[in-house]
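Right after this note come the structures.
Paired with chain B in one complex and with chain C in the other, chain A is shared by the two complexes that follow.
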Partner chain A sequence: MTPSTRREVPCCEVRDLSKAFDQTTVLSNVSLSMKSGSFTVLVGASGCGKSTLLRTVAGLEPPTSGSIWMGGRDVTALSPKDRDIAMVFQSYALYPHLSVRENLAFGLRLRRTPEAEIVARVSEASAMLGLDALLDRLPRQLSGGQRQRVAMGRAIVRRPHMFLFDEPLSNLDAALRAEVRVEIRRLHDRMGGTTLYVTHDQVEAMTLADTLCLLRGGAVEQMGAPLALFDRPVSRFVAEFLGSPKINWLDGQVKHSSSGLHIAIGGKALKVPDRYGQLAEQPVLVGLRPHHLTTASDDVPQFATMNVTFCEALGFETYVHGTLSGMGDRTVVVRVEPSHRVTRGDTLPIGIRPEHTLLFDPRSERALDAPT
Partner chain B sequence: MSVRANVKALVVHTLLGAAVIYALYPVLWVVTIAFSRDGLGTDGFVFPWPRDPSFMNFAIATGISTGKGALFLRQFVNSLAVASATALMSVAVAAPAAYALARLPFVGKRTGLRALMLTQMFPTVASAVPLYFLLSQLHLLDRRAGLVIAYSASALPFAIFQLKAAFEAIPVELEEAAMVDGATRFGALVRVVLPAARPALAVTALFAFMSAWNEFVLAATLMSREEAFTLPVVLQRFVGEHAAAWGPFAAGSLLVSIPVMAVFYIAQKQLLSGLTAGSVKG
Partner chain C sequence: MKAQKPRAPWKAWFLAFSLLLAAVGLVASDCKAPAANRIVLWHAYRGAEEEAIAQLGARYQAETGTAVEVLAVPFLAYASKLSSAIARDQGPDVFIDAHERLSSYREEGLLARAEAAFPKYDIDRYDSIASTVARDEDGAAWGVPFALKGVALIVNTELMPELPASVEQLVKARNDGVFPLAYESESAYVHAPWLHAFGGAMLGPNDAYGFTGESARRSVAFARGLVSSGVVPNGADGALVKQLFESRKAAAIIAGPGVVSELPPHFPYQVVPLPPLRAAPSRPDPFLTVELLLLTPRTASRPEVSAFARWLASDEAAKLRVRAQVVANNQPWHDDTVVPVAMRAFHEAALRSRPMSTRAAMRATWEPVEQAIRGVMRAAAADDAAIDAILAESRRRFESARPRAVSASPTRGLVALGLGLLLTAIALYRRAKPRFWSGVRASAGAYAYVVYATIAVFVLVVLPLVAGAVMSFFAGPRHQMTYAGLGNYVDILTARGGPLFGYGSFYRTLLVTVAWTIANVALHVTIGLGLALLLSRPLLRAKGVYRTLLIVPWAVPSYVTALAYKGMFHQQFGAVNAILRKVGAEPVAWFSHFSTAFAANVATNVWLGFPFMMVVILGALTNVPKDVLEAADIDGATPWQRFSRITFPLLLPQLVPAVVLGAVWTFNMFNVVFLVSGGEPDNQTDILVSEAYRWAFTRHAQYGYAAAYAVLIFGILWLTSRLSRRWQAEST
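Up next, the complex of A and B:
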């Protein structure tokens, strides 16, 4: 196939999808396109419509308007069983009366797969997920982590066109979650399927996705590569949603002077990154991520003085909370080297790496470099 | 353990003991009469221990001593067949109805539920006469099928409510998972929901079985031939207007309870097991 003559058909395409329950609009005009083999993560706060979008793609909820296309055909009216998808539910939804083996085989039996093939596929999935010792157990005899693996196994044996995950890790403890997260990505790469994954956890979203789709109030706020969203958020919402600890905010003013364009913050001048080009003199909201602030040194000159109110030492890094003298009473978090011993009441000279500064319009809360 | 706790335990156990005696005494009474040669005797007072123990009353109750053993067996089969068929039919009709009420939106759902509830408020006797005429028109008087229809109809509302609650307790995700896996809605019901609701189905069937097994008023109204009688009607015959044969009556009552106890014993595991445990994180 030559790219010049034929455009690749996306594995799954959502066109102008809207969904309302009674009078409540849950999704409005959502469009997204998933390339074959891609890993797309839908992320957003609770109630943003991400699960509804996933369920609509699965065929479990009919859309109010718009359409869903898979492999070039319109599947909007098809029932879930005819969409060639597999889904991993947040609650795992294992069949309680069936053994692990029969849970895995369930979908294949429904599709009248020959017995030999069922046995082969079940043992393949079971080996892949380390379920061999559990095959004859019932779901209630499994731990949470084991149930989660069975739920994934049930999806894998089907070899579907597309995998759907609805917050599959939210019932696991933190250590297991990190482990399974890596495994999910590895399985995706190995199976070569297309994956649509819903989570509210921004770490999961950032680490798993090829394409991150951040939803807000039922609409796509921003979509793209995870680092693109992190480094160039289109809005204050995106900037705040991604990153932990959260991005810091300072109120500033764009000023023109003889030496060029700068942002005045509490009497100090901060250089405007080149990519903003020409800006009018205006008030701005300045976004600075904790790792773009640092203790002042020879490389990074002092910009402000921090009055420390709280200190989180994590061992490999330390986050210092406080306010900047003369720059308002917003709390600011700064990442410092763990070798710095900082305690409450200290004052800390703070420098800024200006090239990472993000500027937003304080009224519209859109990024000043956002495409309009 | 402190004195206080001991006193408390003593009081609690005394009260519990009294409650058990209160509940069991009538049963003990029946057992005693059944095994006493002269039944209730002439003084009418019953010590919870048989006087002149014998199996005579059982022989009379089952017709063995009167040469009517075959008739009793037939009546026993009547009861068993009617109760089993009622259990099956109630569950078979109630399950789809309950599923629809639990899962599907439709017009008239609330009204329908209220109407079902309303039927529970009339005593059985009230329906005896209309049922008699209905079944007579259908030529189902003195037929086991007639009783099964009447019993199933009266067992249905409760069965539907019970199964509706059971289906509502089953996570919707289970069905959705089955539907994504390739099942139709009906397939998901048959392959996933019903197996997961097995304990509730067992309880519902058992309840219908027992109410049919024990029912007297309709059976006495709708069945007039001796060969068509069910056991409660047979029992009642022992304590007729003129002479009350309490001994055979008690013996018969015990025999009648055996199948129900057996069913309870067999179904015990189904009744108690939380079959849905572990399917979803709860």
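Up next, the complex of A and C:
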């Protein structure tokens, strides 16, 4: 089967799925739709139900209500083996008593694949993942990264319609994680299956996803292209969840004036981006990402003065923490060029790129431009 | 900072240990040297007799102020406890035992002459037969007659209002659903009256086997007739006989006074001596056992002991115990006010009984005689030729179990021992690592922690093992063992000259043992595994309840279970056959055939053994990671594939040691084999340990021979566990 024929297959769909363990509701009315060949990432805080959703899709947990469709079939009642899926577990879940080779071949053997085909597919996968030298070892003789590869290999050899990953990189160190992340995306593109990927790491989420699905307390908070979520979060929660360092908050007030609409913050006026259209005069929560604030310069006029309390110099950029005088005591983080030498106690003139300003209703915490 | 010198913990331990040793020593020496005037009496009585003796002791103590300790020792262990305790100077001052053992006690030097305590031994005071058996060939008395033991006919006077004048008449009195007569039809002891009636004796002159020839043939044919015509229940044991009588399902029984003393009040019964058997030339006299009051050599000279013994044997004391037993004194029987009617009948029966031979060979006749009786009872046809063949076989067994005159010069053995020790020393020296001794010195503190455990293991495990191994090079009864070199081993491994796989040969028994072990362990694992898998299902409700219930068979003492199962497999009254009858199937004579007896044993042991495997597997199952099973699900495994390819292989590392352990236990599962089938039919279901037991305790007390069996068993198990460990190491 080639990737092109794969793409004809209809998507996987989760319809109105709810799941409760005894009395605790873990998922409520989750609906997801995944295009064939797409890469969907589920993110959310710990305990929000990501794994549960993934396991329900896999068939390891029966849903309380709702249905799951794959390739146009209702698979809700099918057992995992009849769903044509492969899963990579956070713990890898390798078969401890089988060699790497047999771990890879296990699923094929169960399906009585001809031996020649097994050999071919195993060697293909092991070449793809660089496992050739490890084929005769037992899982306990492998490093964490090697185990992770075997777990992926086990999924790949089966050539399923759908790949499910549950935080597959969380047990690896940062450098390796970055490397494998790229590899996973490459493998996905090459295999052409549909992928559902769980993570709580936003870098993984942003870099891997075609579609990002942010879960909050068992419900979908926002779903869409990663940058759409980043740039146009529908709620304060989404805005805060994505982006590192976190988005800055200031309290403001929408004001009508002769020159048009502006936001008053601590006596200063900030332009409202055009896309908000008409707004009533009201208090607002103003969200400003650290890289949308900067040191005042000729291009960006000074908006406020920052009293620096702390400075993170990362080498390629520097984050300065502090408060803006006269604008409340919320801590604000600003990205500055690493050439700036800033220390605690300094004051720093700050400018704003107003077109990126995000506005939220302080009570509902929904974005003011969110569709209702 | 000053390095703190570690406190030597072993000093404290050493102190504690020495204190403990001192305490044990004090207690032990206390046993050794009884308080100046305390008197210790041992007996093996139960029930009413035990009570009577205890009361006598208490009464004597109250009257004279002399401390008396009365100890009831379990019957089965009595003789061996006595001889080992007296040999160590820790036994009783006075004890009561059956006259059959008199000669062997005398030979072992455990006895003092009765004259020591009874200067004016008044022979007329006691029953004359009893007085005779208490004397040796030269007429010297070694004990004082105490009580008479024998069986009589106990008749239910409602079911059989007219006392039978003959056995034939008794047998004819048939009633619906009632056996005219019940007795332990397969016990040689209760069969003896028939043998005596037809003119036989169990042990002939010169220790010749007596259960052969015309008299034996006619006696077993007669007994078989009683059972096959439904007059007498088949294969009943003592408990069943008693139960049949109490529930009025037997009109008469042959039994001892014990049954009578436990009958409910107002039960209509009467005791009479066994009536004559008209078909036979002589009277059916039962065996008589005379219980003697015996003195140990060490204390016979203590005046207070003598005084106590005299009082115990006195007519006054006899009057106090005549309610519980047939006393050997004559005087109480003249006094109608003290003698219960039933006891008088037992006394009368005892006076007509035949004292059992005191020869050591007598004890070796029981097993072959009973085998012959069972063989005839269960044979399909029993014409004279068939019976004779069975009798000849039982005789062969008796003869082949006789101790052989094996003796060897100890020189070669000593040389071999010396050489062995030397080689071991050299091997140890050569294998010791270069810095071995400095290593030992450096970790002296650590050795201090294990020294107590080492001593305990040495005393409790190693010493008995070595003692047993040493004993295996000796032959003969315990008090006169002679060095036999490898004679016992040669004898065992050559099947005593018989066919290698003949009945009772070592190899045949080994084969049975191996089959027994494999069958049991396979069933233990299968059932344990099945139940563990069921119990580990997450959706199962009330799991704790099931788990507890399933562990119960393990918690019940194994002999209790074994006895219960023996009862359940009884041919006529067992639950298993009752169920078979209910569903319309033929009842099975479970212990008549090897296969069924073996199956009964296996069923019992499986019941006892599966909980252990279940618990082990339940534990091992928790080590099978859940996500690995889920991965298999996703990889497409069916439940069976998931079990066979994931769960089972992951259980193996913990299952294999459990299986090895279970195999060792089963290999040596004496309780079940001994209590359920008892080796029936014809010792065919005996395993190596129960066979070893028979050599030690039923066949001329050949301890050395039994010890050689034990050493062989140890060797086999040691080798198997070594091999299994190597195999396991290789496979992982």
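Heads up, the rule we're going with is that the second predicted complex is superposed on the first by the 362 of 372 C-alpha atoms of A that agree within 3 Å, B and C clash if a C-alpha of one lies under 4 Å from a C-alpha of the other, contacts with A are read in each partner's own complex, and residues count from 1 in each chain.
Heads up, the rule we're going with is that a residue touches a chain if its C-beta (ideal position, glycine included) is under 8 Å from a C-beta of that chain, and two chains touch if they have at least 3 such contacts.
It should be emphasised that the depicted structure is a prediction, and the values quoted were computed from it without experimental measurement.
> Identify whether chain B and chain C fit side by side or clash on chain A in the overlaid structures.
Clash.
> What is the contact status of A:Phe360 with respect to chain B (first) and chain C (second): first, second, both, or neither?
neither
> Determine, for the superposed model, which of the two partners chain B and chain C contacts more residues of chain A.
B
> Identify the partner contact of A:Phe241: answer first if only chain B is touched, second if only chain C is, both if each is, neither if none is.
After superposing on A, A:Phe241 lies clear of both chain B and chain C.
> Looking at the overlay, what does A:Tyr319 touch: chain B (first), chain C (second), both, or neither?
neither
> Output check: A:Phe165 vs chain B and chain C. Expected answer is one of first, second, both, neither. What do you get?
Neither partner.
> Of the two partner chains, chain B (first) and chain C (second), which one does A:Leu142 touch, if any: first, second, both, or neither?
First partner only, chain B.
> For the superposed three-chain model, which listed region of chain C (344-352, 560-568 or 578-586) is the one that clashes with chain B?
560-568
> Shared contact residues on chain A, chain B side and chain C side combined as an intersection?
Of chain A, residues 58-60, 79-81, 85-87, 89, 91, 93-97, 106-107, 110-111, 154, 158 contact chain B in one complex and chain C in the other.
> Which part of chain C faces chain A closely enough to touch in the complex?
Going through chain C, the ones touching chain A are 625, 627-628, 630-638, 641, 645-646, 649-650.
> In the complex formed with chain C, which residues of chain A make contact?
Touching chain C: residues 58-60, 79-81, 85-87, 89, 91, 93-97, 106-107, 110-111, 154, 158 of chain A.
> Which bits of chain A are touching chain B when the two form their complex?
Touch residues, chain A against chain B: 58-60, 79-81, 85-87, 89-98, 106-107, 110-111, 138-142, 144, 147, 154, 158, 164, 171.
> State the interface residues of chain B toward chain A in the complex, per the touch definition above.
171, 173-174, 176-184, 187, 191-192, 195-196, 198, 275-282
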